[in-house]
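These are the structures, in structure tokens.
One chain, chain A, appears in both complexes that follow, with chain B as partner in the first and chain C in the second.
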Partner chain A sequence: MSVDTVEERVRAILADVFGLEPEAIGPETSAETVEGWDSLQQLTVVLALEEEFDVSLDDEEATTAVTLPSIVTIIRGHLED
Partner chain B sequence: MEGSLATSGGEGIDLGDAARLAELRELFRHEYGFFKDIVDRGAATFGQAWIDEFEHTLQRLFPSKAALSRAAKGYAHFVMALMRLQKRFERDRHYLPKAYADAAREVYLDDDYMLSEYLPGLLLSHFLWPHHWRHARFFDVAFVAQMQMHPKPSFVEVGIGTGLYSRRLLQQLPSASGRGFDLSPGSKSFAEAHLRAFGVEDRYEAVLQDVLANPISPCEWLVCIEVLEHLEDPPSFLRMLRESLVPGGRAFITAALNLAHVDHIYLYERPEDVHEHLRSAGFALEQAFVGVPYPPATPDTPVPGVAAFVVT
Partner chain C sequence: MRTGDEVTGPRLLQTTTRETVPEVLAWLDESPTLSRFARACRQLDELWEQQPDLFATRNVLMIRNFTIEALEPFLKVGAYRAGLGLKLFYSGYDPTTSADVSSTDDVDVDIVLVILRLEELVPRLIADFLNLPSSAAADLTADVVDRVLTLAQEAQRRHSAPTLVHNFVTPLKPPGGLSDSQTPHGLLNSVRRMNIDLAAGTDAFKSIHILDTDHLFAQVGLQECEDARGARVAGAPLSVAALRALAAAQVRHIQAVSGPAKKCLVVDCDNTLWGGVVGEDGIARLVLGESGAGRKHRNLQQDLVNLRRRGAVLAICSKNEAADVLDVLRTHPDILLREEDFAAMRINWRDKAENIVSIAEELNLGLEHIVLLDDNPAECDWVRTQLPEVHVIEWPRDLEPSLTLDDLGLFDTLGVTDEDRGRTKSYRAETKRRAAREKSGSLADYLRSLNMVATVGQAGPEHLPRVAQLILRTNQFNLTTRRHDMTELESMMGAPDAAVVWLDLRDRFGASGIVGCGILRNQGDDALIDTLLLSCRVIGRGAEAVLVHMLAKLALERGAATLIGEYIPSKRNALAVNFYRDLGFEGPEKSGVGLLWRWTLSRGLPSLPESLEVIYQDAVR
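Here is the complex of A and B:
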């Protein structure tokens, strides 16, 4: 799977969870800057990622998947395993 | 007293001189952005008393930036693991089946897990979860205030966890002394360090003992915070506690409600269920408190909470 495809699918998940346009989600998009990205939504993002990519994030990954680039890196790491 | 504080521009609530708390807020914002508002929310809801006690606790227990960073990480992992289980619980309406012996092996006897995640997570939750903070204040008003009326009160805490409640008791009552029991070596060492950091260790003995196997000696003041849900058979445990309370004695006993966790075995759905177990064990109700952290997403969604009782 190409990096672009992974990134596009992650963008789609974040857009869906936070009610944003996919184009509005960029490298600077993070839990720190997006209103409403709280711990409950973090879990929603993690569960959506796990379902979309058929992966299982450990506690470290589940708590550091807080920016678009970090999420893409984590997912790519799983897909390359 | 609960109260509100003003914000200072885009930086959030003005935390005044609370430098460690401000540092924790920055850690949350930059490392775990989904907690970006949690410190401000606590400060805005509970006011200066919350800021002062939280700051004091952070200064004493996590004096370095590295220690505070480890605690923040432990809390983040603790909460995320718990929320995953809670999500499953909301769907299935039962805790994952687990034997007490397995919970002991996987959790209480795992020093690394206890010291890096479980205990820091639990400790911070008593400030960051509104129902835990209110529960601590109820402890002060309903229980510690009564002990204050007695000269040199001696207490026992069963399940000392982080040592938070024993420490708060010793700190507020300079003539008090106590003993605390826990089966977890990690818990014992964390609690001992906690009490040392507050200079109250001379009036306390932490004992490594599974009270299910070796019941405690008679006592006048008894504290047992959120232990019942960790047991397979809370009623028999409560009967043992009741038998250990001397005539005229008083106990502060609490339980978590509807909160799935790696070591939660017995599901209490309603405060009345805990009260019924207390009553059946021979305790008489004196005061009670029930708290939840947030309203249910739907009327049928179970909300985690805590039920606390002062009983005689």
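Here is the complex of A and C:
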């Protein structure tokens, strides 16, 4: 799976979870910049990512997957395994 | 936000063009992922905000002791699908020991969900189970059941709202391992016992109901329901699979609290109740039985029998010769459904939609209460277009791969009364009455020929379930349409300034059971008929006047000078607008919401109809 596709799919997930357009999601997107990205929504983000990519994030990953770049890195790591 | 088309791509185009509820739901159904649920939920929230009439509001208080908010998109979208707009309120995380449920003081709560996890409620019970003497474990479990029931009762009283207690989920891995199940005092058996005690402590009709989370999660798979990582990092122990199943079950229960959505299932015969076409294949070659291809037809019949026993009404609508179908129902060795299981039959060559309308008229039901189950796609389509109110199931296609009729939730109830179980019988008696009516000369002759006996009395606890059910479901002859629930009824039953009266009717064709009720409230020198209603099956036979007579008698005994009858118009009760006038009451005066009619009790009591024998049971309790 190409990197672009992973990033595109992550953007789509974040866009759906937070009610944004995918174009509004960029490298600077993070829990700091998106309204409503609190600890409750973080859980939704993780669960939605796991569902989309059929992967399981560990405790560390689940708590650090809070920016678009970090999420893409984590997911790519799983897909390359 | 709309951006230029050149950078949008197909996905964005989709997101910006969904402007109606069906469009949002269709987009979600393409790929019902959690992230799409989240977006669909937001979009439906927005549509509801713009058009408040789209959904009926239900304020839901969730009393919980763990993080369950991730449930929201599943729960709200499921409710939107059912026409309900939920507003969710949450307790704090420790609702049994603190007054942690008070954030809803200014909200009129419609339903309370009590969902507590044992692991958080009594951590010792799970973690230290092997260290606990069995008497200590028994004490702990009894105490937990007691706390949950007390909490539910308090919430139910405080909000006057139906309350759904979620029972406990048996732990995935009991600390005792294999030995746990060897004694009745193991952890698994203890949790099972707690669930039995919870069910015993509530009651199907007491406005506190059980949602069997344990069984639900067993259906999904206990392993699948656990999210150990979520529990560690977010205090959120339920998996997406568990949240989905839980939300669906909650929506079903929330709907069932108001009674079944549908009342009558109209079923086809050939290739539905049995395989094959009776008119061509003959009875001997029909496919029906315990084994082979006949099994699925037999299973469908069993599902229909169960529905009937729960209070749904069955009817047949089949393009056939009546004699052929009746022959199968009467003589086929493997048939489960008999002639007497059906309240109405239309076996002829006429248009299916017309036949369904005629069944609805015969049973006095609205088309919105009818479900058709038929194997023929063309017939299904035809009825869908002709009668959009009717819910059509194309069988078996709509139930594939593994759904049952019950899974559709169309006939869900949270309790079954004797009247439910005997409903088909009473509809069949009604058909015989109609035949008798057609034979007799005048209405008066007919009513006399019925030999009706009305029994009336003041309600005791044993009558309340049925009275509450009537109050919830009666629309046409319902003078005020006040939907008092069990709790209100219980308090009125015991109050010195109120009385709840029931009426039971039988005649030479059979017993109809409790079909009417009235509620009297004292207001100074006046006694007000707060509620007066009669099941639509018995309207116009004089039982109405018997109820009023009984209420007047009680009012007089209690020293009232005037009996006041009230009429509050609703969408469905126009037929009762002149009821009090026709009985000889004076008026009307306008009240805030309706009309008031007066009867001065010094005149005596409103007269009783001659065609009925009246028996007073426990006239003064």
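The rule we apply is simple: the second predicted complex is superposed on the first by the 81 of 81 C-alpha atoms of A that agree within 3 Å, B and C clash if a C-alpha of one lies under 4 Å from a C-alpha of the other, contacts with A are read in each partner's own complex, and residues count from 1 in each chain.
As a working rule, a residue touches a chain if its C-beta (ideal position, glycine included) is under 8 Å from a C-beta of that chain, and two chains touch if they have at least 3 such contacts.
Being a predicted model, the structure only gives us computed values, none of them experimental.
J.: Putting chain B and chain C onto chain A via the overlay, clash or fit?
T.: clash
J.: Once chain A of both complexes is superposed, is A:66 in touch with chain B (first), chain C (second), both, or neither?
T.: first
J.: Touching A:6, do we find chain B (first), chain C (second), both, or neither?
T.: Touch status of A:6: no partner.
J.: When the two structures are overlaid on chain A, which partner does A:16 contact: first (chain B), second (chain C), both, or neither?
T.: In the superposed model, A:16 contacts chain C only, not chain B.
J.: First (chain B), second (chain C), both or neither: which does A:75 touch?
T.: neither
J.: Counting only touches as set out at the top, which of chain B and chain C does A:43 meet: first, second, both, neither?
T.: Once the two structures are laid over each other on A, A:43 reaches both partners.
J.: Is A:24 contacted by the first partner chain B, the second partner chain C, both or neither?
T.: In the superposition, A:24 touches chain C alone.
J.: Which touches a greater number of chain A residues, chain B or chain C?
T.: C
J.: Of the stretches 23-31, 113-121, 455-463 or 509-517, which one in chain C hits chain B?
T.: Stretch clashing with the third chain: 113-121.
J.: Give me the intersection of chain A's contacts with chain B and its contacts with chain C, in residue numbers.
T.: 39-40, 42-43, 46-47, 59, 62-63
J.: Flag every residue of chain A that touches chain C in the complex, lowest number first.
T.: 12-13, 15-17, 19, 21-24, 39-40, 42-44, 46-48, 50-52, 56-59, 62-63
J.: Of all residues in chain C, which touch chain A in the complex?
T.: 1, 3, 7-9, 11-12, 15, 33-36, 38-39, 42, 67, 69-70, 73, 227, 229-230, 232-234, 236, 240
J.: Which part of chain A faces chain B closely enough to touch in the complex?
T.: 30-33, 37-43, 46-47, 59-60, 62-64, 66-67
J.: In their shared complex, at which residues does chain B touch chain A?
T.: Counting only chain B, the residues touching chain A are 29-38, 73, 76-77, 79-81, 83-84, 87, 117.
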